[in-house]
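I have placed the structure first, in the form of structure tokens, so that the comments after it can refer back to it.
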């Protein structure tokens, strides 16, 4: 156990040192620090979705909606937009320690609101319905510039304040800047190292990510966590054991949404601009791919999956730039147009997400780096017969021919 | 508002044209769901491939000197249907069949993966832009009680109805249909009765895919273009239609498709007036999802579905 | 075409390598470009890149001197996929590679968030195509655009509908993208200001190709003109559906028309369609034909939309650097603000906000198988 602690500490130190290292390498520089910052936001999203899918086994395909809610909340409360739309007297500038909990609560409430009506549904229906909710959230944000200009519609909200601390008023007159006590937009120095704004943001995000990992871990081993997993594996049995299915599921939705909402706040402040196009279905699928690739229910796996899939597009960009001239000159048996389409970094990226989902589900449903417990569940060396497949767990490696004997049990667990 | 009768009729007819395309796609979902309980998320992509292949074959034929006309169109549709069937066959055999006994989340996520992969593969083959559907049939307006449709739209409705009737006959009267119904009822027992389950399931996928290919072509002809993104939203809406009608029920899919087309058009046309401009046609895509959510909440078996309460 | 892509990438790679090795040669001036080079609007991003490449090539041939030394201009090209988040990432990349100016981004949605990063680094940004008024209203002194913003073009289009086409009952639709919505709102304002009557103001989305519902509403309202802010792949089906529904109204579009494909996409419904484009018609400008020819010779494709503006933007920056005798933004920025330059799209001179002083726009009509210039509007 002590050994583990040192390992974790080293890992954290490594992640703290990472941006300074990356910043110093001329090939990488602040560009890659920024990419790492975004990677942290995706880690946060993936951790949140992991609670919903990995722990509780609820396939939420509209998860990006919570991210959007957090992002828009910060954008509204820390930008001149509402003032410009004539909805508030002054330019709002709410303090960070109010907005982050507020976003968490708002997202959790939305999670419950979305979760409540779909509780009765299972598996596949749930996926489509949550997907619908995610799209509904996006479409509303795209259109709520009228009758009252709340979200500024497709134009998005710009001029969002960077993350800062101040102890002044919660709003100020237009044109007047607040005087932040501490702003992540300023460079500062740490033991003689220059900490640029991108690095500050990264470090702040890292801090939140570590908090969320600890929270996830505590949840996983808590009573609630174990109840979620029981529910995931066999709903009927779990209910028979006296678990409150409704409350547990709602709690999973709410907890997952919280992470998404906080991540959205950070995104909004980092980028200084939000618009509905950042919250499309493809983003939901990307986060899903991160969770699935890393391993549903495995914190370390999910973090790894999120890091891989968020850094990968940037690698592709460079890779394609290197490969393209060579391919264009040497491959003559395929039409140029097709070649150019094939070597399109954004298409390649989505293709990889698609194949990641296919291959992992088909051949390694526990993901790249499953938790020990999950691995044990799925690859049981135990001579006892494998448990009856439950509706909401991942695959059981049983040949199809054998399964016909399981008919009554299978039917029962559908009910 | 002068919401006169012919304007309402126009909206209704527009809705029925849209709805008959939804219905054909919805049949693909409902058949697969009815028989193996899987939402074949990638079905929308099969529809897209059908449209794109037709356009490619048509332009190849035109390049080879065949004047565009009904004959080349039929050839192209047949080619598209074959490609779609192969695609569906491949999906079923190599992706879904090995996971038939796996927990339901597994094949569903796999299907989402296939959908994303197909969409992007299509972008690689056909590019990311739209493809123009050549004017094979000259469009002519047809007046119906003061409302206007085109000859193409009228044929779309007629062909859809014919296909649906044919499908009903197939499922209700033939041996294959009987085997399909038996398999849907109970795979294991059907297998014991000597039905080759794998063949029946394959056949279901093939029929669904060919219907999808035809629907894709219809949509492309109707709007004059197709692109790699068209499958996703069309698929989701068609799925909503299938749920609305009662998933697993053939007539349900047909009714659901037509109804959803109507709801969408009427909502887009009249929502603005009834909500004082708050909800307009910009919310058109929401209506399909809203219908889906409401149906699942209040009548999870759909309008015509009687069995399968366990599925919801 | 092969040469184009290979050349561009090789150049970009070479530049990247070059920086990576940390060799700093005083006379190399890097010109940044960011826009969608992949994704659905790739051809438009590439078009902008072509315009910049032509300008850079010309400048290098002329052996221009900056502060006594012959300057070698190099393009640093980045793909933002038209996505705001990627936009900020590539903006950081450009700043890291120490570009002297950024021509871009293509979209307003990417230009606005990226402008913060350029402003923090003090790099001037000239967009050849971002039309959202908010871009130059942020109070950043180093942001410019060489194209009319939505407000200006919207005013031209609205006035034209009411005064020239004498439309009495106008239906206005947009595709609910940042671009379409911004424009359609401005057109609506302009129509009302000119005393026109907007009978339908409806929306669709950028994925839809079925406009029967909103067109039927327009028909019920007896609209005699339809304005639609969206790209050609939606304008064409709308023109067709208007014809099919028997809605006899004039159809005006702002998006990426006029272009060659429209005829094929809309078929016979293309006839009579009005379309606005930025700037004066290229071929009417003294240097226009030569520019188009150069583009065709080098890349095999002519002007798609924004390459002339990109060319002008690049030259405006280069001229300012030469005049100021420095490629350092601090020194040449005041010159850029005050200079006036005759480009292929017209006079490039900025007002105090960074917008063009006198932006022009042209309205075309499709007739007899081609686009005819109807009118050129300017302030």
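Order of writing sets the chain letters: A, B and C. Residues in each chain are counted from 1.
As a convention for this text, contacts are C-beta pairs under 8 Å (C-beta built on N, C-alpha and C of every residue); 3 or more make two chains touch, one makes a residue touch a chain.
The shown structure was predicted, so the numbers you read here are calculated from the model rather than taken from an experiment.
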Labels of chains that are neighbours to subunit A and to subunit C: B
Chain whose averaged C-alpha position falls nearest the assembly-wide average: A
Most distant chain from subunit B, judged by the mean position of its C-alpha atoms: C
Averaged-CA centre spacing for the pair subunit C and subunit A, given as whole angstrom: 34
Mean-CA-position distance for subunit C and subunit B (Å): 38
Whole-Å gap between the CA centroids of subunit A and subunit B: 32
Multi-chain contact sites of subunit C, meaning residues that touch two or more partners: 39, 42, 176, 203, 205
Junction residues of subunit A, two or more chains touched: 139, 142-143, 344, 347
For subunit B, residues that touch 2 or more chains besides their own: 128, 280, 282, 285
Subunit A to subunit C touching residues, read off their complex: 26-27, 29-31, 34-35, 38, 139, 142-143, 145, 153-156, 158-159, 197-198, 271-273, 275, 277-278, 314, 317, 321-322, 324-325, 328-329, 336, 340, 344-347
List of subunit A residues in touch with subunit B within their complex: 57, 59, 61, 117-118, 120-125, 127-129, 131-133, 135-136, 139, 142-143, 146-147, 281, 285, 288-289, 292, 337-338, 341-342, 344, 347-348, 350-351, 353-359, 361-362, 365, 389-396, 398, 400, 403-404, 406-407, 411, 414-415
Residues on subunit C engaged by subunit B in the complex (per definition of touch): 39-40, 42-43, 176, 202-205, 207-210, 212-214, 216-217, 219-220, 233, 236-237, 240, 244-246, 261, 264-267
Residue numbers on subunit C that touch subunit A, as the complex places them: 1-2, 5-6, 9-10, 12-13, 16, 19-20, 22, 38-39, 42, 79, 81, 83-85, 88-89, 92-93, 95-96, 108-109, 112-113, 116, 120, 132, 134, 138, 176-178, 180-182, 203, 205
Subunit A-facing residues of subunit B, complex: 38-39, 95, 97-110, 112-121, 123-128, 186-188, 191, 232, 236, 239-240, 243, 276-278, 280, 282-283, 285-286, 288-290, 292-293, 296-297, 300, 310-312
